[in-house]
Amino acid sequence: MRDLELDLDAFTGPFDLLLTLVLREELPLREIDLADVIVAFVENLAARGELDLEACGEFLILISALLELKARGLFPEEEAELAELEPEEAAEELARRLAEYRRAREGADWLTKRLGEQADRYFRLGPAPLAPKRPEPTLAAQDPERLAAVLRFLAVEPPAPSTLHMALKFPPVSQFVDRFRALLQRRSRFDFDQEVQGLSRVEIAVAFVALLELRKQNEIAIAQADSFAPIRISRADSERSLAWNVRSA
Amino acid sequence: MERPLRLISSNPVDELARTIEALLVVAGAPLSVDTLAEATADDADRVEAALELLSERFREGRSGIVLEHVAGGYAFRASREAADACSRLFERPVERGLSQAAMETLAIIAYLGPCTRPEMTRIRGVNVDGVVSGLVERGLVVESGRENEFGAIRYKTTPLFERVFGLESLAALPRLDDLGADVTEIRTRLETVAEKRPA
Amino acid sequence: MERPLRLISSNPVDELARTIEALLVVAGAPLSVDTLAEATADDADRVEAALELLSERFREGRSGIVLEHVAGGYAFRASREAADACSRLFERPVERGLSQAAMETLAIIAYLGPCTRPEMTRIRGVNVDGVVSGLVERGLVVESGRENEFGAIRYKTTPLFERVFGLESLAALPRLDDLGADVTEIRTRLETVAEKRPA
């Protein structure tokens, strides 16, 4: 399905190349009309005359990912904040904002069309050639305190961004310290990724901080075969005995 | 008392219409009924009657000067018939080369204004500083005080915006809330992504 | 030769006259016969014939719009009959106050002493070119040399500013001890806050 040929306003070539360019940030996603990509896919599917479920599944995942990327691109500075939301809340929020941006686009389209219709409407922009001269404007007496007031206003510090919502979402580190200690009472080692499966990103981060804390206290040993490989946690004593074995070997 | 008076004294609404004609030909911007009433020292009803008379006289097909109701007032413009001749002589500096970004920003300000640059940035997803400055320079948008909370400057569209786009007022913009179906569609797609996303 | 022609072919000079009418109502300066001929893609003789027609139509006593032949060419003006209404339209009422933008810019110049537009822009967080021009036009602010030989132009307040604000001199400005001990401190404070402000 990745060899799907596209002929869009902003891009011509295979879908695969479109993905690559977008991921390398060489092609701004907001310029791509993803609805057109979907149309091209459906047309291609119809032309084949057979339903390739695997291809459809793959396409659905890829196009969904692109849609999410594009949606997030609409408010990059708030990505972190959105990540704190539950999936349903995030979906709701994204949909709301996408709809808002859609409206701006619709408004822009209408204005563009309108401007086109007004292309043969000419009027004078400046004063008329033989208009009477306007007298010099006069300004009523002003209170000097207003000058001080506006400068004071300009000197008001903007409020620091609120972190209240983050504080509430953060589970305490101790919660994970206790949980991992209890776990190591029962088992000599565990797999970090398995243990935090299903948790939110913030919870995973806090859990990781708990690991570092336990390591600092010399209660555990942390091992990882390679970057991005599973993180193995074991009781410090068992690790020590292992090291001992190695040395003796 | 008014009607018989009008009949006796050489059709005063026509006289008033001539005065209004004179005002409109020298004015630098559309003139509202109130402004016209003040300048002619006459009452609004009679000004409106005179304007009706002028609309008939200065209309497309009959005259090269056309009276239009735009930007909350009345103004003369060239007839559309004369557009070719006008295009040979006059530039259109305000609307020339308005980018898609400028149009989107303009739409946001027209529909949601007065609004601040951070608000526009949030909706458009990209920084709007340059675009807003460009719109201010063209005279389509103007500062409208500061927002209280953290003092960001607010912007609103100008009467020139309404004039360039041929709008009687901002209320003449079409409603954009018939997008319910779209929202549901977007939601469904996003939920699909949310389900697939690990953790 | 002209009269019979007009009668035969649906009066083309009248059509040309309508186009010229349209051009004159859009023009910001008088238009010469040559310019009109070029814009209408017609010849000068016929343009002159059309102008004659228009002079008859738009003349004192008959219309509020009067076609005037001045040094640079032809232009519309308001009829003498409408002179009173015109002066009422153009007479500017005393401005009661200044916009937020004007007041802020004025306060920056008054308190911080001669400063350049980039400096004011930095503190206000928005381009001040238009605002400064407005203040210069009102006579509240005036150019005061350059920052250095090739630097930006600086602006300072005028005696009119002091009169309008009822100040004997700039030294009589309300004190701002709460913002800083001296101009340098106040300036630093304003610049620091400006950097933190969104937008």
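Letters are used for the chains, namely A, B and C, taken in the order the chains are written, and counting of residues starts over at 1 for each.
What we mean here is this: a residue touches a chain if its C-beta (ideal position, glycine included) is under 8 Å from a C-beta of that chain, and two chains touch if they have at least 3 such contacts.
Chains and their UniProt names: B, C = Unannotated protein.
Because the structure is predicted, anything quoted here is derived from the model rather than measured.
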From the centre of chain C, which other chain's Cα mean sits the farthest off? A
By mean Cα position, the chain sitting nearest the middle: B
Mind checking the centre-to-centre distance between chain A and chain C? Centres are C-alpha means, answer in whole Å. 46
Chain centre separation (chain A, chain B; CA means) in Å: 37
Express in whole angstrom the distance between the two chain centres, defined as the mean CA positions of chain B and chain C. 19
Going by the touch rule set out above, which residues of chain A reach two or more other chains? 122-128, 130-132, 154, 156, 158
For chain C, which residues are shared contacts with two or more other chains? 22, 25-27, 76-78, 86, 100, 124, 197-198
Touching chain A in the complex: which residues of chain B? 25-28, 75-78, 80, 82-83, 86-87, 90, 93-95, 98, 100, 103-104, 106-108, 110-111, 122-126, 146, 149-151, 163-166, 173-174, 176-177, 179, 182-183, 186-187, 189-197, 199
In the complex of these two chains, what residues of chain A are touching chain C? 122-148, 150-152, 154-158
Touching chain B in the complex: which residues of chain C? 17-23, 25-27, 31, 35, 38-41, 63-66, 76-79, 81-82, 84-86, 88-89, 99-101, 124-127, 130-131, 197-199
Which positions of chain A touch chain B when the two form their complex? 30, 60-61, 64-65, 67-68, 71, 73-76, 78, 87-88, 90-92, 94-112, 114-115, 117-128, 130-132, 153-154, 156, 158-159, 197-201, 204
